[in-house]
Amino acid sequence: MVDLSVDLGNLHLQYPTLMGSGCYGSGEEFAPFVDLSRIGAVVLKSVTRQPRLGNPTPRLVHTPAGMLNAIGLQNPGIDWYLEHDVAKFADRPCVVIGSVAGFSVDDYAYTVEKLAARDEIKAIELNISCPNVASEGETFACDPNLTGKVVRAARAATGKTLIVKLSPNVTDIGAIAREAQAAGADALAVINTVRGMSIDVDLMRPRLGNVTGGLSGPAIRPIAVLAVYEVARAVTIPIVGQGGIETTRDAIEFFLAGASAVSIGTGNFTDPRIPMRIVDELAEFLRRRNVRSLKQIVGKANVGFANPYQYEGDEG
Amino acid sequence: MVDLSVDLGNLHLQYPTLMGSGCYGSGEEFAPFVDLSRIGAVVLKSVTRQPRLGNPTPRLVHTPAGMLNAIGLQNPGIDWYLEHDVAKFADRPCVVIGSVAGFSVDDYAYTVEKLAARDEIKAIELNISCPNVASEGETFACDPNLTGKVVRAARAATGKTLIVKLSPNVTDIGAIAREAQAAGADALAVINTVRGMSIDVDLMRPRLGNVTGGLSGPAIRPIAVLAVYEVARAVTIPIVGQGGIETTRDAIEFFLAGASAVSIGTGNFTDPRIPMRIVDELAEFLRRRNVRSLKQIVGKANVGFANPYQYEGDEG
Amino acid sequence: MPTISSAPTVHTVRITDRRELAPGVVVLGFDAPEMVRVTRPGAFVMVIPPGGESAATALGIYEADGRRASVLFFVVGKRTQELAEMRVGDELGVVGPLGNGFSLDGLSDVAIVAGGVGIASVLLPAQALVASGARVRLYYGARSAELLVDRERFAREGCEVLVSTDDGSMGHSGYITDLLAQTDRRPDAILACGPTPMLRAVARVAAEMNVPAQLSLEETFACGVGGCWGCVVPLVGNSAQAPSFPPADRNGSDVVYARVCKEGPVFWAHELRW
Amino acid sequence: MPTISSAPTVHTVRITDRRELAPGVVVLGFDAPEMVRVTRPGAFVMVIPPGGESAATALGIYEADGRRASVLFFVVGKRTQELAEMRVGDELGVVGPLGNGFSLDGLSDVAIVAGGVGIASVLLPAQALVASGARVRLYYGARSAELLVDRERFAREGCEVLVSTDDGSMGHSGYITDLLAQTDRRPDAILACGPTPMLRAVARVAAEMNVPAQLSLEETFACGVGGCWGCVVPLVGNSAQAPSFPPADRNGSDVVYARVCKEGPVFWAHELRW
């Protein structure tokens, strides 16, 4: 028996695969044809303090090996959500993790406290890195100071596992990660989407109603693997790696880079069987190499290279 | 006759297509089968003050809709280059633009001055954004202050057109762009490669000898289009757009986003006929729409969208 | 609209037949008896890309009879190109049936409007209506005669078929909605599927005729099952199809974004606020 | 090594024939008389992806005779998969011939070592050597008997053929370099093409036998024509094949990175510092 389990703070997961926030609804949408008991956890669509209609349409564009989205955090707001939706998550055969977004430190604290108080919700992911809201949606994850502030407020609001989701759209993701850990994060989700844009050449206007959007899918995998690798060198808390995972080998790339768990978002749009396949094949991959626990390969991408030949002036 | 010409500072180009630095050698390599008189300009491989052996191998990895490279600025150093190589560029049937990289402000000033003094070189591109050198290769383009310093030094070293090449691996590319313009850049090249990494799952080690590399190709096109769009809003000097251009429609996306010219790098590895095809089809595209000059469509991606429906709390 | 989304499954099917109706217009038939059993007119499927290299593609269910279902599509990009290369005997993953279909109860005289590839979603409702004894007139428009694919099929199924082409190579020269607007006969209902500009025109004509119209919309999809909120369209807040959300009638507007894949793809024209 | 890179062109060719030598091993023949004319043993081509969706693929020129050239490849990833789907009559863009080939002048007894797909680059030198009257012994290794493709062809062309398989299903069970090391006959030269570990072993054996070895290397390519410096291998600084660079014999090393696509793909084993 290969041990695929992972601990994120005080949350124990039997399988190391989470379904990315905003990509999997509340799990119910996939339940008719996916065995939710075999997928690890669902991270719910991000919820905010106030209801949000979301961005104008179109909200999606397919791009080479990826897609742009600009949903704009459409959600009914925390009060309606608690009253009408959360109770339904009780009987999900997988772990349900809430996701909270906001526009001020106060927003985050308020929403986290209310949501985390519910038994149906086993952990909270703090989305401080949504690139698809006009104002300061992503600012938190772009500034170490703001990251510290908002994470401390969320930490004070709940004792449940707190996963902080980071943005790749920064000069130094390691610095932000360190700040998030110092402020009390139990784990980090790395990465949210990469900012991008696409223009319709015939209509001569942006393809997205929101003009800009977030890039996801295999196109960003090399960017995400590096971000995980760098964050793993900056912190000691576990990382949930994500960005373009579609196969078991993709997932292993993230484990080797330093992720303790992975998240699958856009991959579900290619084939909803991917998460179950990864869980099965991951066990098989480890078994074949006589590895008994997934934990043993986390961060094990040897980096023994060095330039054997140098000119005097060389830095590299 | 459609006018495809473009002016970058005092450099006049008949065609708006440049071949990306590091991707096209000195043009000679493609000359046996590409008509160089129809491609606009070649930006030479970046040269440094000292010779550089470059990074250990492997230096290339193919990724979904793109590739990672970590060449590490292999070059013979400016002195050897001036003595052995530059004279050969005299008879190229296209414009030849030099590219300079370095590790200190002094390096840049020294190398720019020497290279720009040569008649064979019609303009200088300042590569302050190479992600593939261990130490501070990219630092210049990641800090507005350093960008300002190095651009001022290069500006003082030559009166020829100075194109400053920016990095996408920053929180706010507009701020860097403004600094580069203020310091005297005549044009901006947007973008250099995006930092990334790939791990060999069987060998459990990074695929690149340099561990990390730069991502290019269609995968990064949405990132590059947005960068051009943002830089165009921050500066008034012309932009050379680049990142994943393979078709005429891709090129037009960049013009609409705000680029005055485009650069083709990785596209040449897919099909060396792409630049000639773009020049031909671009003229045809504009002719069909009764546009007489390419300049007329630069930056013409209308942005007339606004969210027509709002909840009270909405920011977007 | 009648829901069909309670029974979707991932079906691994084999291609049983492949026809090229016109250059770049392909019908792929496959064996999927359980899917046929629960399919309703207006349903669609998400076709998993055989190479695993892109997002799944939304396609209407064209035919559903016995053990066999089929999809009809136009080759417009990378994914439809990949599907066009499938051969008889190849295996394909198909998620469905999905979405809420057309509401056909009690209709006795129906105008169906199809533009181009929209034809793919209207055979099933046409068959069901004819079977229930309704009069069905198909208004079918395309760019050229060649692209008026399978028009005889609809005649054989018992529809009266009126056609138009953009280039005048067959039928009325111009938009199909011109014919709809000129009709002397006021149907009980209009069902339509096609490009968005055509659907907007249908909505206008239907409003003028004061006939309720059901429009099958197309949007770029990601998940196709209601999980991502990417495929939305603005709907009046009090629509029976509106998703569970607080009333959003502020700023003088009572709108909510509904998912084309989950609340749709068929919507009442008068409830759309697009 | 004799240069062939002065005459490369972008050829638009038609596939004239397609053979599947084993599951996943394909030969595509095409009509390219001008290319055949300037091809030398060891040359390669860059095949432009027909769908335009990925980088061009480096493939050795397998056959070159009259008007017809061919490539032989193993399906290992996306690009070779796409090429395997090409059919007779399809059009393909091919850049070549490229690279510096094997140096065959004055050789009278030659050992050619091919591992797996390396077989694709050694038919032309074998033919040229046999034609010049040399004795040619082919050492040919593969994973299994099935993958020892076209081995009879080499016998028919006049080579003595020795084989090995990893799984023992034909010939020597083990590495092909075992056979090379055991030989009682010392050739004038060794030519080799195959996976890097095999080439390293060939280099060792050749050094022990004191026979000059010419290795055709494989690296991941981008441009394939010397423009990007991505495909390099470390070479002694004073090699005749070293690119124009200042002597880099500092730190006790006299190395320079040479481009496999431009200075190679064939290098002298004793000049490599890998």
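Just so it is clear, A, B, C and D label the chains in written order, and each chain counts residues from 1 on its own.
Convention: a contact is a pair of C-beta atoms (placed from the backbone, for glycine too) under 8 Å apart; a residue touches a chain by one contact, two chains touch by 3 or more.
A quick note: this is a predicted structure, and the numbers were derived from the prediction, not measured.
> Just how many steps, at minimum, does a route from chain A to chain B need if it may pass only between touching chains?
1
> Farthest chain from chain A, going by the mean of C-alpha atoms per chain?
D
> Can you give the whole-Å distance between the Cα centres of chain B and chain C?
Their C-alpha centroids are separated by 45 Å.
> Find the geometric centre of each of chain B and chain D from their Cα atoms only, then give the gap between the two centres in Å, rounded to an integer.
The computed centroid separation for chain B versus chain D comes out at 35 Å.
> For chain C versus chain D, what separation do you get between their C-alpha means, in angstrom?
54
> For chain B, what residues touch not just one other chain but two or more?
51, 53-54, 64-65, 77, 308-312
> Touching at least two other chains at once: which residues of chain C meet that condition?
Within chain C, the residues that touch at least two other chains are 53, 234, 248, 255, 257.
> Can you tell me which positions in chain D touch chain B when the two form their complex?
5-10, 48-49, 52-56, 93, 95, 219-234, 244-246, 248, 255-257, 262
> Per the contact definition, I'd like the list of chain B residues that touch chain D in the complex.
22-25, 29-30, 32-33, 45, 51, 53-54, 57-62, 65, 67, 69, 71, 74, 76-77, 80, 84-85, 246-247, 266, 268-273
> Applying the document's contact rule, which stretches of chain A touch chain B when the two form their complex?
Residues in contact with chain B: 48-56, 63-66, 68, 72-73, 77, 103, 132-137, 142, 169-171, 194-199, 201, 204-206, 209-213, 215, 217-223, 225-226, 229, 244, 249, 252-253, 256-257, 297, 300-316.
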